[in-house]
Amino acid sequence: MALTLSELARWVDGDIIRGGFDLSLTGMAALDAAAPGDVSFLGNEKYYGQFLTTKAAAVIVPTGVSDGPENVALIAVENPSLAFATVVRHFAIATRNFTPGVHPGAFVDPTARLDVTKVRVQAGAVIMADVSIGDGSDIGPNSVIAGNVVMGQDCRIMANVSIRERCVIGDRVILQPGVVVGSDGYGYEFSGGCHVKIDQVGIVEIGNDVEIGANSTIDRARFGKTIIGEGTKIDNLVQIGHNCVIGKHCLIVALTGIAGSSRLEDHVTIAGQVGIAGHVTVGSKAILSARTGVTKSIPGGLVYAGNPAQPIRDDMKLHALVRRLPKLIERVKALEETLQISRQQD
Amino acid sequence: MALTLSELARWVDGDIIRGGFDLSLTGMAALDAAAPGDVSFLGNEKYYGQFLTTKAAAVIVPTGVSDGPENVALIAVENPSLAFATVVRHFAIATRNFTPGVHPGAFVDPTARLDVTKVRVQAGAVIMADVSIGDGSDIGPNSVIAGNVVMGQDCRIMANVSIRERCVIGDRVILQPGVVVGSDGYGYEFSGGCHVKIDQVGIVEIGNDVEIGANSTIDRARFGKTIIGEGTKIDNLVQIGHNCVIGKHCLIVALTGIAGSSRLEDHVTIAGQVGIAGHVTVGSKAILSARTGVTKSIPGGLVYAGNPAQPIRDDMKLHALVRRLPKLIERVKALEETLQISRQQD
Amino acid sequence: MALTLSELARWVDGDIIRGGFDLSLTGMAALDAAAPGDVSFLGNEKYYGQFLTTKAAAVIVPTGVSDGPENVALIAVENPSLAFATVVRHFAIATRNFTPGVHPGAFVDPTARLDVTKVRVQAGAVIMADVSIGDGSDIGPNSVIAGNVVMGQDCRIMANVSIRERCVIGDRVILQPGVVVGSDGYGYEFSGGCHVKIDQVGIVEIGNDVEIGANSTIDRARFGKTIIGEGTKIDNLVQIGHNCVIGKHCLIVALTGIAGSSRLEDHVTIAGQVGIAGHVTVGSKAILSARTGVTKSIPGGLVYAGNPAQPIRDDMKLHALVRRLPKLIERVKALEETLQISRQQD
């Protein structure tokens, strides 16, 4: 587990500014929480005060910083925050590495295809008929993987996750606790005074390196597929409707809802509590501020805000004008008075 | 499983426009995904191009369409989308029909009343004391049905659902994965600097033919009942507060929250991310656009928008006026200039 | 279970206005639902009509009420609603009191520390390595308590709850079904066209007497702790981001999201669907109306509304001005006409 300063420098591709090559590093922590032996990092200048008083053994600093508190080793890199992620991974790996095998309290259908010397199935997990699970994947306690699901390698499915039948999950997918993949889309026909359910016989297909946050829900397609593109990261309590196609490397923050059949192109960023109507397209690299409401397709490459969505500058201008309404009313009143006076003078 | 064209026509009450009575149909798909042997449908004219190139064996078309691609059988009906739902149901039924019985990994309290030759209890499901479950119901893996719950016939409870004690569930109710029914209402009294919990001893009563989407939550009443009326369909991640009374055949789309003791009359339609305050009534057949905020009771039969809610026409007018503020400011400026000039001329 | 009128009076610290000391009370209900033998309460004058026709054996009334329907015993207290909560607790306790022990269908790691004569672990629950659970706590069916979690006494963890590794739970904490505690925070670095996951190695620490509603999610800290202060009550479907510090005795209503590293001071009240950006502070005793959007730190002691948040009076004024825009436009038009006329007269 322990790491020397020179090993660390090599890993993060950084320059040792100060400190002995053999300095032993045994853990990691934030600047203000670090104890002797810990690696820390200076990711943002507003933490410079904490940097000066840290008890860390070594600090990863941005290129250009050449000095620091006494007795603290320094390694310079371009992006300390990213470099530190590597360190975190090193120290976290010991706890993450799992012993493969099927817990005696798990339920694995005999037709399921998985290598019990390479996959872990935890207590209470249910793996149903004809499921296929790739090597290195870890199925959390009390999760349910329904019939004919195909899952790739090195996935991390946490506790109480539900994946419904026939859905397809790529490699290195992380599903936080309580995630639902493949629930029925919200589709009804109104007939005879009732809403008649339209069966949802499609699936959800999740690309490689996707992460989905706790208790988020991804509906299966009516036919065909609801798609989450590779590298996309979804936060907690997000709803993705049936037949949506979410591009690659998108970010979708908590409590956002995307209605059925809508499409995000690649690298779209969506802040919290955004709502997107059905059957619209959000262009590549668009950024939607918190609470934006998208009611029709919008081109990519711009930052949006407001409901309905408009370029954020227009939205801010409009808000500023509203805030200046009291002044405008005064100006109108002044005009009325002037005019009245001038008319009276006539 | 296979179906002849004449059987299909009879089922959907349609007219065979083209094709042999004995044509065998073996599956179903959307126009652009259909393979030989499949039934498809033309639900919307914007798919007419796909219709012309489909590989389907038969297509359900709207009355009036009399021609189509060569070698494709045609059946005409009034509502192809609804007719197709019938087809989907036929082909889906084979996978849906279940073998009744209690999985050896399920936990059924000996006092529970259910006919194991007619009910399925899947792996890891927990059926607690004095629960009663009607024939044809299917309890999903790792779902929990707490003490004294009464459930009707032909319900479909999916994975990881939680139904708390004493709640009453009608017939043909569908609960998607992760649904919570009967959680405690959010009720506290402030006393001595603390919020003291008010015990919530009521229940939730869910009518026949209700469907509730993934990870939605329905709180139990403080006393009495929180009621979800028959035929109502609730989407994912919806919150219904304690003592709410939701009418019959309502639609409630994702991420909507309805606070305690509010009432929807019948046939109310609520789009996504709507918020309804506590102790208000929304009248029958009201339609609430996405994000509407309801702060006091509103009459039925109208379409609403905005926060606070107002008839959508008023809301749109107000938005249009705000968007014309820059013009109004220019007009005021012009008036000021004119007046100044005319005064200087005096 | 049965209670005499004099016992009741002593418990709620009330005065018997009418009725025999030995009157036996066997249940409780709302005024209009009460049956003979029941205790009820008059919590709000709008229920006075129900009070006059109640079938309850005894009613808890506010001080000052000295008369009521015939044959109904009366006990006067300052806060009948709060007093009644005590009664509810008494009658509910019989159903709540549990028989300790580990269900044969639960999975408890041999390294877990809990006294099986004082703790209940229900069917399908999974208690992992090195977990510690205090006396009187009740772990619901199919809940998962991951490795090294430390839980206090008298907690009530309901069905399908997920608590991830190393989180710390105080005494008397209630987690409704589907709650997730300790999911990974939403943290990525953008590098090489991809979002690279930043491991989240911190924990969540939940204080005494906290309650968290169904399917709410509390993310673990990147380092250190996400903290929920003692006595805070969180409603359903609420998202608390990583490294948030929520003060003591706060209320947070459904569908609210609080982004990472934000801080609520004590006694903050947040209505439904509120959004709070990351890295901001909400001052003590602030009240946020439904849907408020907080984008920067705001002082305590005030009521806020709007997006961005402002004191509610300012927000209401602004809304009123917008609603008067049609009138303003008319005034400008009148000015224009007057001016044109007066210019034409020149």
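The letters A, B and C name the chains in turn, as written, and every chain counts its residues from 1.
Operating definition for what follows: a residue touches a chain if its C-beta (ideal position, glycine included) is under 8 Å from a C-beta of that chain, and two chains touch if they have at least 3 such contacts.
Computed from a prediction, not measured in an experiment: that's the story for all the values here.
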{"item": "Partition of the remaining chains by touching, absent subunit B", "value": "one piece"}
{"item": "Copies subunit C and subunit B - interface residue numbers shared by over half, same or different", "value": "different"}
{"item": "Gap in Å, rounded to a whole number, between the CA centres of subunit C and subunit B", "value": "26"}
{"item": "Numbers and ranges of subunit C residues touching at least 2 other chains", "value": "124, 142, 160, 178, 215, 237, 255, 273, 322, 325, 328, 332, 335, 339, 342"}
{"item": "Subunit C-facing residues of subunit A, complex", "value": "28-30, 33, 79, 81-82, 85, 88-89, 91-92, 95, 103, 105, 122-124, 140-142, 158-160, 174, 176-178, 209, 211, 213-215, 231, 233, 235-237, 249, 251, 253-255, 272-273, 290-291, 322-323, 325-326, 328-329, 332, 335-336, 339, 342-343, 346"}
{"item": "Subunit C-touching residues of subunit B, taken from the complex the two chains share", "value": "107, 124, 126, 128, 142-144, 146, 160-162, 164-165, 178, 180, 183-184, 186, 188-189, 191, 193-199, 201, 215, 217, 219, 223-224, 237, 239, 241, 255, 257, 259, 273, 275, 277, 293, 295, 307, 317-318, 321-322, 325, 328, 331-332, 335, 338-339, 342, 345"}
